[in-house]
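By written order: A, B, C and D. Residues from 1 in each chain.
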């Protein structure tokens, strides 16, 4: 993907890869959620992405916006919980930016991610360091934006790495949003499940973008 | 994990099928998306009352569908709030033209999914009002957190709103009454044992043989703090004092006292707790004019108890007493 | 042992005090000897219906005291049948001059204590009739054993006898009807986990993570055999087939299907079992005309389920449907 | 007690000793009952004998029948379960034989025990080898009856020993009466709790009789 552009096929590969990775990590995500939540994040994400995967095979590959919209709508109607509306919003907001486009460049990718983050924050009212998925997506976007002079693949890899670090950096935080906030101080010392799944999605994007 | 189920992913679906078979005259089940409505829905001209949330809290909410309580319930996966399309379809199925009240327990997921469903309903021309329930005094209430959880008061809000709607009250009135109930209700719970989410396959936390979780929610999450197990009377004090001090409940007032089992707690133990809670309330000068004892808002097979105290006025008592016919709560009919 | 109690020896007494406080208009509690009577007992000219047994099966029996069901309940210590003096005093307290039906689950202790109480009552000039409940198909019935246990059918016998007595039926009729219900009812249960008798302080048996006890009673005793845990549908078959074959239940008949939780079983799981039991009954050509789902005869915090099938006639259905107002079962009033 | 006679004081000592022994063995009895019953035999017997002990101190010591009747009535109204009516009957039937007597000899003791056994069997319909308390009391009575040419103390000791062996001999039996019968073949391999408490009572009697 030295082209500096993502086409619809790559987007589909990303989502397929994401579905795989989520399935592989279902247990891990659930365990993270067991520690500071209600033990369902893995099952929620797996249910959602398995539904997405079911629709993906047949889906036309000419409009990235349409693909992302389908993903968003499917997550919205199958995931539930806090993560359903948030991931749903992420993809729906990104879909608006890439509507009608068969391929997207770095600028559009950045705009899409930023629109997704804005949507998540509007819906969920989380600020950085509230110990949520925002803490993985925010740093990833800043890394992607700052990755000048490198290939798109490399920029995506740097974004994924920033997401990983962001997710890890949630460990010492005391949650102020979502279910983990009910634990108060006891939420510290555990990695946020949503930040972790966000990292997995961005990692899948980097992997798809590298092929 | 020892549970009476087939595949975890079929649990909620199969239970709904069971409910439909067990209560044919009372409710109807819609499969995809999943929701339950009272048998005669939509009731023309009546405000509809709808609630929903993750499964695993039964009889909440499905067990409260029927005349005088909920028009519809939307069950999510276990401990997972339902999705906007589920809520939207249920809202459409029960709207009798007078609007729909959404009773939402204050959890981020529930709030967001109901919010989106409300927006979609508005686009379809259905007026909805949301009553947010957030009665758990174990959780700090602050603008900078997710706020308090909705727990035991949910049952009381559903009953009282349901009766008001049945009595022909307008949408705004039903919603206002529901909010008043929420404002005057306070709850807190403890757990003696964890529960196991079927998909997770193992208990959400581990507790030593002499430990309990204080300030527990209803989703198997750990509580606010872990403490050494105490005798029932002491535990009842640990729950009642924060509740009483929070509203605060004032001497001379009438209250409804609700002692709720979290799932595996024998009724015998609930009555032991009720006895002490009643004594504590009386010592504060409160008159317990109505009572509810039993497992009404549960957390799968968790052992533990929550106490809800509602300062009632004449209108609340009247609607509490009004006939109700649901699978789990029934009187006057 | 993790329980919400103070001293184990005070458990039953304190729970009774809680019941009295929670249901003041419904029942009265007598402390020594311990029993509960409906608030308006004795009802002049009405046959009284009394039951009792060890505690730990709540809501059975105390939760069924009230109009249209039991006039009195005698709770023993946990899993220990009540004593003759308890039963005698309760019998005296509810006798309205028309005699008293004793509903007795077939356990050696219950049978003997009720027998002695009946003899003492006779000496006082009170006529009693005994309805023995022995519906558990897991247990071999033979003249040379203690015979079958009384389990789920007890709830149905109590409801139907209570309604018949309320309707003014004579002592012999109420007893005969109770026996007919017992003769047409069959039950069987399984346990996924044991329970802990408070005085004993530890579980009555140990079960491996993938084991269950098949043919379990309601006193924490082991079942007839231990088996590997199976999916809910398979377990339901393991319970339904012996039940169906025993009476035997014949195609074309009407039945009441009662799926009972043993204590810690989530309602969600009970409905999963109900769904399959209904399907099996239907496949045998039975019409499920009435249903009951919930924890009505429990074994403390045991996880598990029992199924009771009652082949009903028109009279049984009429009395089943008749108004009942008790703490645990209420309709029509 | 070389007199060959039990007086009321000794009977009171017996019951007091029995109350102690039952209390000491509450756990054991409950554990035996847990294996093939419902885990309450220890608590049942302890509750009953503690109530008896409470009444004993004040009780007149001139009439053995009256003492035994009080014990029987108290057990009847405090023990419950299967053992309550059975032990109640044992003492009430024995009380009839010794009514009005300040002391009893071997013949009356034998008659009392036999009347107690008959009462238990009439009430409970158990035959020997049904794996019940009958299997301790029956052999004890036969041993007592057969203990000719020895002192009363020795005869009571032989009776207690026969009860112990009788209780142990219940281990291989399949229960045919009482709650243990529900277990069918699974009841084999465990000692019957009621036979065990019966042995403890007779052992206490032997100890009181030896003083």
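A few notes on this one:
As a convention for this text, a residue touches a chain if its C-beta (ideal position, glycine included) is under 8 Å from a C-beta of that chain, and two chains touch if they have at least 3 such contacts.
A quick map from chain label to UniProt name: A, D = Dihydroxyacetone kinase subunit L; B, C = phosphoenolpyruvate--glycerone phosphotransferase.
As the structure is a prediction and not an experimental result, all values here were calculated from the model.
Compared with chain D, the chain whose C-alpha mean position is the greatest distance off is A. Inter-chain centre distance (chain B to chain C, centres taken as mean C-alpha positions): 29 Å. For this pair, chain B with chain D, the centres built from the Cα atoms lie 54 Å apart. Put simply, the C-alpha centre of chain C and that of chain D have 32 angstrom between them. In chain B, the residues that reach two or more other chains under the touch definition are 78. Residues of chain A in contact with two or more other chains: none.
Viewed as a contact network, the protein chains form an open path, each link joining two chains that touch. Annotation, chain-chain contacts: A-B, B-C, C-D (touch as defined at the top). Within the complex formed with chain A, the chain B residues making contact are 8-9, 33, 54, 76-86, 107-109, 112-113, 115-116, 138-140, 144-146, 149, 197, 199-200, 202, 204-205, 217, 219-222, 224-225. Within the complex formed with chain B, the residues of chain C that make contact are 2-6, 11-12, 14-19, 21-23, 55-56, 58-59, 63, 78, 192-193, 209-210, 212, 229, 231-233, 235, 263-275, 278, 288, 291, 293-295, 298, 300-301, 303, 305, 325, 327-328, 330-333.
Note for the complex: chain D touches chain C at residues 30-31, 34, 36-40, 42-44, 47, 76-86, 123-124, 176-179, 181-184, 186.
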